[in-house]
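Each chain carries a letter (A, B, C, D and E) given by its place in the written order, and its residues are counted from 1.
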Amino acid sequence: MIPLEHYLYIAAALFALGVFGVLTRRNAVSVLMSIELIFNSANINLVAFSRYVEGAVGGQVFALLVIVVAACEAAVALAIVMSLYRLLKEVNIDRASELRG
Amino acid sequence: MITRFRQVEMRLMGPLTAIPIVLAVAVLGTIAALPVLAMVISELTQDFIPPGLQHLVTVAVGCAGFIGILALNPIYAIWLERKVAAHVQDRLGPMRVGWHGLLQSFADGIKLLFKEDLVPKNADPVLFRAAPMLAIVSAFAAFAIVPWGVRSDGAVLAVADLNIGVLYFVAITSLGALSVLMAGWGSNNKYALYGGMRAAAQMVSYEIPTAILVLLVVAQVGTLSIPEIVAAQEGGFLGIGDWLIFQMFPLNLIGFVLFFICGLAETNRTPFDIPEAESELVAGFHTEYSGMRFAFFFLAEYGNMLLVSMLAALMFLGGWVGPFGSNPLLLFVKGFGLVVVQMWLRWTLPRLRVDQLMAVCWKYVIPISFFLLLVVAGVRGVGAGW
Amino acid sequence: MESMAAQAIFYVVAALVLASALYVVLGSNLVHAAFALVAAFFGVAVFYVYLGADFLAGAQVLIYVGGILTLLLFGVMLTNRIYDLKIRTGKVQVLPGALASGLVFALLIWIIGAVDWGAMDTGDPGPSSEPLGRLLVGDYVLAFEIASVLLLIALMGAAMLVRRRSGS
Amino acid sequence: MDRKAATGQDGGPLVTLYDEQLPPDNSYAFSPEELEEDEMILNMGPQHPSTHGVLRVELKTDGEIVKDARPHIGYLHRNFEKHAENIDYQGVIPFTDRMDYVGSMGNSLTYAMTVEKLLGIGVGERVAGIRVITAELQRIASHLLAMGTYGMDIGAFTPFLLCFQQRERVLDLFEWLSGARLLYNYNWVGGVSHDLPDGWTDRCTRFLDEFVPVLDEVDSLLSHNRIFIRRTADVGVIPPPMAVDYALSGPNLRGSGHDWDLRRDDPYLGYEGYDFDVITGTGEHGPIGSCWDRYFVRVREMYESVKIVRQALARLPAEGDVHENVPRFVRPKGGEAYLRTEAPRGELGFYIVAEPKKPIPYRVKGRSPCFVAMGLFHEITRGEMIADIIAIIGSLDIVLGEIDR
Amino acid sequence: MGGLGAEAIVERLVSGLGLGEGDFDTDLAAADPWVRIPGERLVEAAQILKADPDLAFDTLHCLSGVDWPKDDPPAVEVVYHLFSLAKKHWIVLKTRVPREGGCLPTLENVWKAANWHERECYDLFGVRFEGHSDHRRILLPADWPGHPLLRDWEWPETWHKIPVKPGRQMTDRAEKGQMTGVGPFD
């Protein structure tokens, strides 16, 4: 029996790694990957709580919805990255503000 | 002689073809006998083994059986493919090594083993080496949920009897696209890259109708578990009347054909073999591969062929259920029969272009399968008084 | 409940997930990072299996590995000169980033340790697909519908964004 | 140079044997600097499964779309025209065989007829009949190759082997006739090298009888296949004016709907006496002049060739010396001559300038139909997809030996 | 073959160009009747030949170069074989350019088929075609020495150290104990 806390620790570590990636990466696709890590850590928490605390599958519904949202996010974000690349010939996220106007 | 058979489909029935077909049945029967043997063993040992270990024994026997099948399958599938090709093309095919070339594939395998194992200088060595392994892992892992029968006490003979079996199948086959993409990118070759990109786009696209058609079956049977899907097809006229393909005629027949088409596309077979289209992309994603790594892609391809055929047989053709009662052999006969159909198509049809391939998927296969799902779900809903 | 072997496998997988995630945020080769992400997603799917969410595990592999990851790889390959194999990427503000994420991590660890979650052993949950389906089209049908609409809109928006403008 | 470096075992290419510093390759039509965002240069060939030899096509691609394509030729160039300036008139014939090496009867025939025109001699009726028979059989063999490889280009492997089986039977006939299977050296100035062997005509008739049903079968297998039509019908369209502007000839010209065949419109070797139809593209599927039209013109031309061979066999004079008009020394009085015939791939012409009383030609120029057809390649490939490039190359039915000469 | 006779064609062409008696050369009795005009009038002549509805020379069938080093002045003769699909008649148009630095206007804008033919002529004879859209060598490598169909062209010994002179390179290499690349162990 793996205790609930272990899932939470792993999720926390994933979350922190994701945050680190978002903060330090310059490449937009890299940032996107880091965000996916954060989504996954949230999902682990949702499922773990639904298993250990709720004892039903309510949390899994939310996890499923999170996966759907992640898919949407990936599609839109990649579209934006492609537009950025067309414009700037690179995907450095620091220069994304040039897309304004 | 040739003039008498005006159509290629007739030629498959030609007199010379009889020998290899008998041979094929014999050989494939031997392969298929392995799970039967496993079944017999597990029946015999049922009484001696404590209940706690029974599951483990089933798994072990299943693993052994399937690894045996997967190792032997490509060898004889390749031989069979060459024979089918030869007889479609009015020639004899391999005849030298062994009787009617039966050992030819072993010779080729040994040759591939001893060939130089090249990694191109500018390739990405990690991805280049990992790709064939991922391909073969994804092909073999999917077999874990393929059951081949039910024991008399109701235990399912499979490596893993998952209650989400078909979902697992859909999920794990998507790994194949990754391996192809990996190979295409890691080779540092433009043709390989094109092949990888095409393969990924194709597999991702055709996964959607595959999933919908799986849902079509699930909606009628009401379960995701493969043994239960098969169990629902038992009985009926001559033992075949309740096969899913004959129900709600012709909805399920169309569904079966579409599923088979999607299977062709997911295994990159002609007319959907654009990722390795040898006339335009040299060899597509395995342009740079040689020796054993190349053989791995082949193993994966033939494994996938058998996989989609067996899945189609399980979901639409009643699996091990048939006119003579349920028998694991029947499943293999159906599976290999569909494999032969795949080969026959390959040697008869030209190749589609990449945009036409996508058009087939998005304009025809997906809408039709959605429509089928809607109708079937509606009928089921009305039948359930809802 | 699980055997010792199963527990050991869990921790091995956990280590694998964390190592892959570490490579995703630290590694310099983008394509390798994307494939490391595959391993991380797979590990998470294994966690779901351990948590009795078998349907979710399947969905995770299907959508993340089959869909999102392929999309990401396309993104990586298309946003670079397609013939330089070694796609490198740099990092900025490593120290502040490490500091901030370390703080977040420490905070989370402290919270996890400090709170009593009231965890209970609910036993083998059984197949999850049926209750999940009933919830999705029952209690949560609004969320389900909104998610579908969101998916549709996102797809259309993405298609609009990457559409080639004529003349540019 | 040590063995290791020479064999490329250090990873280097074999050319290090000769030169470490090859010049920068200036044989690129496109430069990487002027590429747009998603564009990429793709080199197709010279070693590629379906460029029909050593053709190299440089593609500027945007994904699967080909923005521009430039063929690069010359990998098989041996300048036979220079050789011909040093060899006597009869000695050039083996060199001409090597131009269109899958249809070499037509080459030597054209060359021999050009020299005959220069000398002002004619050939007997039997020789003319034999030449018609061999030329039409060669056309069948060549079109069979075109048909089979075209199926393979589109991805259907089976028609290839069925076609090759029949092609081999034609080559068997030629082997019996001339002793060679590919490069026959058969047409001589003023005659042919060997008379027909006993029983040859019977064998030839039997071949024709058995060949037509097979052709029917392959035709039904490939030509009207839905996928095949979809792959070829709207692809590589050569509008009729463009075909004339680029001086296309043979099946490529007729595929664009021009009703023009030298055998009917400018007859030689007594072709005016044979009853056959000139096949033109009809645009049955898609616009006229598409790859499918060019392909199908070839298929139907084979039936016409069968008709011609049958008639020629029927009216072939039983007796006659095939060496009757062969001159002992070929020494033209000077002047120049240009003559063209309907070779399998189009109008093959030879332009010969003779010096008075010299046994060797002053200048021999081969006008090769494939060279001309390749000239419009870049026009019809723009905006097509990569797979279509293969379809277009195959439908033009090129032979690199003739392009590069 | 229908169409106009060679005499009428030449007559129309010459009068269209307004050439005097000494400005052109013709042989109507030859096997292939030809007319030789000065190079600077070439484009004009081609346009007349193509545009005149009675002549309607719509195809440039063949373009050949012939080297005449012993003539005075030494020249390369460029021979255009023109054919009319519509009218079914022939004419051979000839023009001469000096061997050294000779230059002709391109006919690419009249008949597109001229493109590759002119490239080939440049490649093998060194005749330049002014205004050509893609004036590169076509058959030979870009840095090949000389233009081989000129009659006084000499074989180079090597090209980038690759022995190219026909004849003895294999035997020479074998005699020097070098590899020839022939045989199972070489």
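We adopt the following convention: a residue touches a chain if its C-beta (ideal position, glycine included) is under 8 Å from a C-beta of that chain, and two chains touch if they have at least 3 such contacts.
Treat the numbers as computed from the prediction; the structure is a model and nothing was measured.
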Inset, instruction - Without counting chain D, go through the other chains and collect them into connected pieces. - result: A, B, C | E
Inset, instruction - Considering only mean CA positions as chain centres, point out the chain farthest from chain B. - result: E
Inset, instruction - Compute the centre of every chain as the mean of its C-alpha atoms, then state which one is farthest from the centre of chain A. - result: E
Inset, instruction - Looking only at C-beta pairs in contact, point me to the busier pair out of A-C and B-C. - result: A-C
Legend entry - Euclidean distance of C-alpha centroids - chain B vs chain E, Å: 61
Legend entry - Centre-of-Cα separation between chain C and chain A, whole angstrom: 6
Inset, instruction - Find the geometric centre of each of chain B and chain C from their Cα atoms only, then give the gap between the two centres in Å, rounded to an integer. - result: 30
Legend entry - Euclidean distance of C-alpha centroids - chain B vs chain D, Å: 43
Inset, instruction - Would you pick out the residues of chain D that each touch at least 2 other chains? - result: 40
Inset, instruction - Quick one: which residues in chain B touch 2 or more of the other chains? - result: 190
Legend entry - Where chain A touches two or more other chains, by residue: 85
Inset, instruction - Give every residue of chain B touching chain C within the complex, in rising order. - result: 122-124, 126-127, 130, 162-164, 167-168, 170-172, 174-175, 177-178, 181-182, 185, 188, 190, 193, 197, 200, 204, 207, 211, 224
Legend entry - Interfacial residue positions of chain C with respect to chain A in the complex: 1-2, 7, 10, 14, 17-18, 21-22, 24-25, 30, 33-34, 37, 40-41, 44, 47-48, 50-53, 55-56, 59-60, 63-64, 67-68, 71-72, 74-76, 78-79, 89-94, 96-98, 100-102, 104-105, 108-109, 112-113, 117-122, 125, 128, 131-132, 135-136, 139-140, 143-144, 147, 150-151, 154-155, 157-162
Legend entry - Interface residues, chain C side, partner chain B - complex: 31-32, 35, 38, 54-55, 58-59, 61-62, 65-67, 69-70, 73-74, 77, 82-83, 85-86, 127, 129
Inset, instruction - Note which residues of chain D are touching chain B in the complex, please. - result: 11, 40, 42, 48-50, 64, 151-158, 161-162, 165, 210, 213-214, 216-217, 220-222, 225, 227-228, 230-231, 385-390
Inset, instruction - Please name which positions on chain A make contact with chain C in the complex. - result: 1-10, 12-21, 23-30, 32-34, 36-37, 40, 43-44, 47-53, 55-58, 60-61, 63-65, 67-76, 78-83, 85, 91, 94
